[in-house]
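Have a look at the structure that comes next, please.
For clarity, chains are labelled A, B, C and D in written order, and residue numbers in each chain start from 1.
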Amino acid sequence: MSDIEAAFEDGPAFVPYLAAGDPEIDASQRYVEALAAGGADVIELGLPFSEPIAEGPTIQSAIVRSLEGGMTVDDYFEFVDSLDVDVPVVCMTYYNLIYQYEDDEPQGGSEGQKGPAPFVRKAKEVGIDGFVVPDLPAEEADPLRTACDEAGLDLIFIVAPTTNEERLDRLVSLSSGYVYVQARLGVTGAREDVSERTTASLDRLAGYDLPKAVGFGIKSGEQARDIVAGGADGIIVGSALVDVVADGYESDEPVAETADRLEALCRELKQGAVAGAQDRPTPERT
Amino acid sequence: MSESKPDPDPETEADAKFGDYGGQYVPEALMPAIEELQDAYERYVLDNEDGFMDEFRRRLRDFGGRPTPLQRADTLSERYDRDVYLKREDLLHGGAHKLNNALGQCLLAKYMGKERIIAETGAGQHGPATAMAAAHLGMPCEIYMGRRDINRQRPNVFRMRINGAEVNPVTTGRGTLKEAISETMRDWATTVENTHYIIGSIVGPAPFPAMVRDFHSVISEETRKQAKEQYGRLPDSVVACAGGGSNTMGIFADFVDSGPQSGPESASGGEPRADVGLYAVEAGGSSLSVDEERGVAPNSASLSTGSEGVLHGARTKLLQDSDGQIMESHSVSSGLDYAGVGPELAHLVDEERVEAVNVDDDAALEAFHRLSQAEGIIPALETAHALGFLEETDRDLGEFVVINVSGRGDKDLEAALEETEQRDIPNAPEMEVFE
Amino acid sequence: MSESKPDPDPETEADAKFGDYGGQYVPEALMPAIEELQDAYERYVLDNEDGFMDEFRRRLRDFGGRPTPLQRADTLSERYDRDVYLKREDLLHGGAHKLNNALGQCLLAKYMGKERIIAETGAGQHGPATAMAAAHLGMPCEIYMGRRDINRQRPNVFRMRINGAEVNPVTTGRGTLKEAISETMRDWATTVENTHYIIGSIVGPAPFPAMVRDFHSVISEETRKQAKEQYGRLPDSVVACAGGGSNTMGIFADFVDSGPQSGPESASGGEPRADVGLYAVEAGGSSLSVDEERGVAPNSASLSTGSEGVLHGARTKLLQDSDGQIMESHSVSSGLDYAGVGPELAHLVDEERVEAVNVDDDAALEAFHRLSQAEGIIPALETAHALGFLEETDRDLGEFVVINVSGRGDKDLEAALEETEQRDIPNAPEMEVFE
Amino acid sequence: MSDIEAAFEDGPAFVPYLAAGDPEIDASQRYVEALAAGGADVIELGLPFSEPIAEGPTIQSAIVRSLEGGMTVDDYFEFVDSLDVDVPVVCMTYYNLIYQYEDDEPQGGSEGQKGPAPFVRKAKEVGIDGFVVPDLPAEEADPLRTACDEAGLDLIFIVAPTTNEERLDRLVSLSSGYVYVQARLGVTGAREDVSERTTASLDRLAGYDLPKAVGFGIKSGEQARDIVAGGADGIIVGSALVDVVADGYESDEPVAETADRLEALCRELKQGAVAGAQDRPTPERT
C-alpha cells in the first residue's frame, strides 16, 4: 500500500489543493505548510501550465499568478524538495509539461532522457508521491503509468459523472493511490450545492477497493460532511482554498494572516469530513 | 522516448492518430462525448448513414454556394511565368472555407440529437461561420470570444449577433483566442450531454482533426476534378496557408496520395510532376526566432520552428518553451495566429509529403495588395501568406500551380491598412482620400 | 402630350425605348460615344461577335462564381406556408449582383479599345464591383464618390483603393450619389474618346438600360433553369427590390414573357400560375408623402409615387416637384436611395406586367434581422425590402415564390445596427456585448 | 431672320451667360442688365435645374445659389418679363423643366397643356427668343423643335468636337438662331487656353450659313479675339462672368460694384471679339 492510499486508512482523508508558487514562492511555501497544519492527509500541489483547460477561473488565475511570478518546472521541483510537510504530495499538472521534461543529469541508458520516465524519477527524488493529470485520459496514459509503476509512485485518474461502466472499470484498474471522483460536470470551482451525481458516482464505485476522494466544488465543512456521509473516503478541496490566497493577495494581507485563514478553513473542512464519517449509515471502512 | 502504440483498429478508430501525432488528451468528463462523436463520425460521415453526407453536400451547394470556381489568374500567371490557378473559397457563403466545417459539424450535431452549439473564435472566421450554420439549421449557438478580440473585431461580432448567436466575452488572460478555447472547453465540460463543441480547425482531440479534414476535403475533390477538366491533368503544386491547417488539409486531402500522374498531357504541354507538390505556408510573423524569456514567438510557424508536444487535446507541433509552456504566437493575420497546428499536417511534414514553408508579415501584406490590384480579388490576410510564397520562393513549383484562396479580405480591410501604414509596403495604395 | 415617335428600327436600335420611356437625353458631346456604344452593344452583346458573350459568361463563372444557387429557405417557407426560394446573388464575387454588369461593361470597354473606366458610386456596391472588374481586366479605373458618402462608407472606399481604383471625392452639393453621377458625366464629357462610363443600374441613356439588363439577365436565366430542375416548373411569383432596378430586371428578364405554364406539374403538387407574378419592391422610406416645399421625398418609391420625367439621360418615373426639379430621395438602404428608376421597369409597371409595391424602413430592418436569424444569411438592406414584402403583403403570391437576394449585408452592418437602435424593431438583437 | 440671328449681323456677337436668380432675384436682375450694358448682343439666361449634368462646378454653384434662393420656373418667367434689356434672350435649361411645364391658363385645344408647347408659348409671352437645352440631342428634340416652330422661336443646338459629319449636318439643319460650337470636350468652365479643336470645328462648319457662336472656356478678351479671328461669328461666355458674381457674393461686395465689374469684363470680351473680326485673314461676313 502506497503512502497515499495509506493516508485514507484512518478515517476520511482531507486532500487540499493549491497551485505551487501562488502568488510567489515564499508565500506559497508558507501556505502549503498551513494546509498540513490544518489537517491535510494528502496535498495536491499544482504545477502550473499555461493552458489549464480543466480549471475554472479561480484556479486559472492562481496559475497565471504563479507563472507571472516566474515559476518553472525546475522551480517546482525545488519548491517541493524544500517543503516542510509530512503528508504525501500529489503533483497535479497537464501532460505537456511531463511530456517535455528533460533530465539535466541523464541516468542509465539512452531511453528516458525526456518525458514521463525522467519526470517521474525527478518527482520521486524531491518527495512527490503521485500524479493527477486532468488532460490525460486512460487512452493516452500508458507511458506515464509505466513510469509510475517503475518508480513506485501513484497515478490517480478522475472519474466523471459522464464516465460509463466500461470506462469506469478501466479507469479504476489504472488508478493507484485513490480515485478522484468528479462531483459534477464542469470545471474546478467552488459551488454552493452538492450534486446528486456525486452520490450516484459513489454508488457506482462502491464495489471497488481503492479509496474514493470526491472533488469539484466543495467549499464548506458542511458540504464535506455530506459528501463523506454519502460514502466518500476523502474530499478534495481546491478553489475554496485558492480563493483565500487570492483574497489575501488582492487585499495585501500579511502572509501569516492568510496562512492562518487557510489553516482555519482546512480545519473546518477536515472536521466536516470526520463528522460525515460518523454520520454514515453503514460505515464500510473506518 | 518510446511511446508508440500499435495502430488503432482502422475499422473503429478512423484516423485517431497520424503517426505519433493526434490522440485524445482531454479531461475524462469529455471522453464519453468524444466517443459518441467518434461513433457519429463513423456512421454519418464515413458511412453516410441516413444520407447524412448527401444532405451535407446538398446544403453546401444550395446554402454555401459550392462548387467554388478554380480560376486562372491571368496577371499572376504572366508574372510568374507559369499557370497560376486560384481555388476560390473566398466565394463560399460567409467569405471563407470555414463554412464547410461549421456546416458539417452543425448538421452532425443535429443528427446526434444535440440541442446546442458552442464554439470559440479568435479574430477569424470560425465564429461567424458557425453562427451562420447554426442559424441555417435552427440550432441555438453560443460563441466564446476574448474581450480584446471583441473590441478589435466589431464587424465579426455584429455578424454573429445578427445571425442570432450569443457572444460570450472571455475576460481571463489577454482576452484572445487561447483563452476563448479554454473557456469553450469549460462550457463543454459542463454541458457535454446536450451540447456539441464545433472546433474551428483540424486541431483538437480525435476525431476532430480527421472529421474537420473530411468536411473540408470537398475543396480538394473539386479542385482535382476542375484541374482535370480545365487543364487536362493534376496540378504540379498546391499551395495553402496553414494556421490550424483546415483549409490546408482541405485542399491537400485528395492529392496526398496523388501518385505519378497518368492521363493525357496538359493542353499547354507542360510535363506533369511525378507527385503533386504540397506546400503549407505558415505565418513567419516578424521573425522566426523566439523570446524564451518572455514566452513570445513573433511568428506562428509551428511546423517550421515548433516542436512536438500536447496542446488542446492532441499531440502535434507547437510553439513552446523548454518547459513545455505554450508561447504567445504572433501574425499580422489573426486566423493564422495560433501556437499549434493540426496533427495530420505535422505528420505529413515529418513524412516529407508536405513541405512546410513560411512567409513573413511584410511579404504577406505585399501579396495582399498584389492580388487585389492584379486580379480584383481582395484576399484574407491568411490567404495572402499563400500568395506571398509564390513571390518569395525559389522552389520550382512547376507549370501548373493551384493556390487555395481560403477567404476574402473584407474582414481585414482596417487591419491590413493599419499594418500597411506602419511599414514600408512598396505596392500599397495611398489612403489620402479621407478627410 | 403626344410625343410618340414610330418605334425605332429593331434591327439597328435594340430597345432604345420602352413604350414612351427611355431615350437618350444627353449632351451632344456624348452622343457619338453613345452611338459607338450602341454599335458595340449590338455587335458584341447581341451578336456575340468575337465570342464576347462566351468570354463574359466564362469570366462570370470563373471569376464571379456563377451560377449562384437557388436555395429553398426552410424556415421562411414554413413561416409563410409556401415554398420560398432564394436566388443567392449575395454569393457573387463582391457580394452583390452588381458584378454582372460591372464585368460586362468593363469587358465591353476593352473590346471597344477604351483605355479607362469611370463610374459613380453612392454608398452602394457599384463602385467596389467596378473596381474589382477593372482590376480583373487590367483597366485603369476612377470612381467618383460624394465626400459625405466617402466618410460614411469607409470599407467600400478601402475596397476600391485596395483594388487599385482612384476614388475622386465630389465636394459639390450634399456630396452624395446625385452629385457623383453629375461629376462622372462631366468626366465622361471631357474624356469620352478613350473612356467608358460604367453606369451602375438599368438607368441612363440608351443603350445602357437594355445593355445592363442583358448583363444581369443571367440571373433570370439561371433561376428559370434551376426552378425547373428543383421544382419542376416556373415560380408563381418573383420578388426583387428596385432602386434603379438592375437586380430587378435581371431576375425578371426571362419571366416577362413567361406565358401560361406548360410542362409537368410541380413535385409538391401546387397549381402553377398562368403567368409568373413579378413584384418590384421599392423603398417606402419613412413615408410615401413628399415635402414639396423642401424638395424632399422621404422615400425612393419612384414607381409607386413618382411621375414621368427626364433624368440622367432617360425618360422614366421620377421623384420630382411640380416644376420638374428632382427631389432628394430617402431610404435606410443607400442602394435604393435614388430619385429615378429604370425606364423598362416604368414601362412594365404601366403595362401592368410588373407590380410596383413598397416596404418601409422599419419593415425592411425587421426583414433584415429575420433572414439573418432564420436562415443564416445576412442580406443587404436593399434586399431586405424584397424580404419585407413577403411579410407585409396580402397578395396571394402562390405556392412557389422566388426572392432575389441581390446582395449580402456585410456592407450594412454598422448602418443596420445604428438604424435599428433608433427604432423599435421587435426582432433586433441586443448589442450589449461591447464595452 | 429671327432677332437672334439678326444679332450676328453687325460684326461678331458677344453672348454672355448668367444663371437667373444668382445669388438672388434682385441682384441677378441688376447683373443681367449689366451684361446688356457691357455690350451683349444676345443674353443666355439659365433657368436653374437641380441636375445640371452639362455644367462645370462654377455654373453648378450658381444654379445651387439660385435654387436655394427659391427660384422656380414661374419666378424665372417673371424675372425675364421684368428685365430691362433690349437684346434677344435665350433660355438655357434642361429638358425636364420643359417637359414638366404646365400652363396655369390652358389655351386652345386639349393638347399642349403640358410640356414643350405651353413652355414655349409662355416663354414667348415673357420675351424669350430662343432655347439652348444641353441634354436634348437631335434624337429627342422633335417636340421642342415643333413647339418652337409654331411659336416662331429659335432652338439652338450644340455642336461638339466629337460630333461626326452626319450628326453635324443634322444638328445644323435642326438649329435656328445660331449654332453653339462647343470649343472643347468637357463641361462649361473658364480655362486658360484655346483648344485646337475650336478651329477644327469652325472649319467643319464653314459651309453652313447659320452663325457660329463658340463657347466653353472663354474667359478673356484675348481668347475672344483669337476665336473670332479663327472664324467664329460670336463668342459665348458663361463661367468667367459667373465667377464675378460668385466673387461678389462671397466677399459681400455691394451689388452695384459687382455689376460694374461684370460690365467691365463684358466690354473687354466684346472688344476682344471685335478686334478678332478685324484680324481675320478673309472675313466671310462683316
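Criterion: contacts are C-beta pairs under 8 Å (C-beta built on N, C-alpha and C of every residue); 3 or more make two chains touch, one makes a residue touch a chain.
What you are looking at is a predicted structure, and each value in this text was computed from that prediction instead of being measured.
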Query: What chains, if any, are shared contacts of chain B and chain D?
result: C
Distance from the mean Cα position of chain C to that of chain A, given in whole angstrom: 66
Statement: Here the gap between chain C and chain D, centre to centre from mean Cα coordinates and rounded to Å, is 37
- request: Between chain A and chain D, tell me the centre distance in angstrom, where each centre is the average of that chain's C-alpha atoms.
  value: 96
- request: Scan chain A for residues touching two or more other chains and write them down.
  value: none
- prompt: Of all the residues in chain B, which ones touch at least 2 other chains?
  reply: none
Task: Assign the assembly's chain-to-chain touch graph to one of these shapes: line, ring, star, complete, other.
output: line
- prompt: Which chain B residues qualify as touching chain C in the complex?
  reply: 61-63, 65, 68-72, 75, 88, 90-91, 93, 95, 131-138, 147, 150-151, 154-155, 157-159, 161-164, 167, 169, 368-369, 372-378, 409-410, 413-414, 416-417, 429-431, 433-435
Query: chain A touches which residues of chain B in the complex?
result: 1-3, 5, 23-33, 172-173, 178, 181-182, 185-186, 189-193, 295, 309-313, 315, 318, 320, 322-326
Field: chain C-facing residues of chain D, complex
entry: 49-54, 56-57, 60-61, 64, 67, 72-73, 94-102, 111, 114-115, 134-140, 142-143, 157-164, 167, 171, 182, 185-187
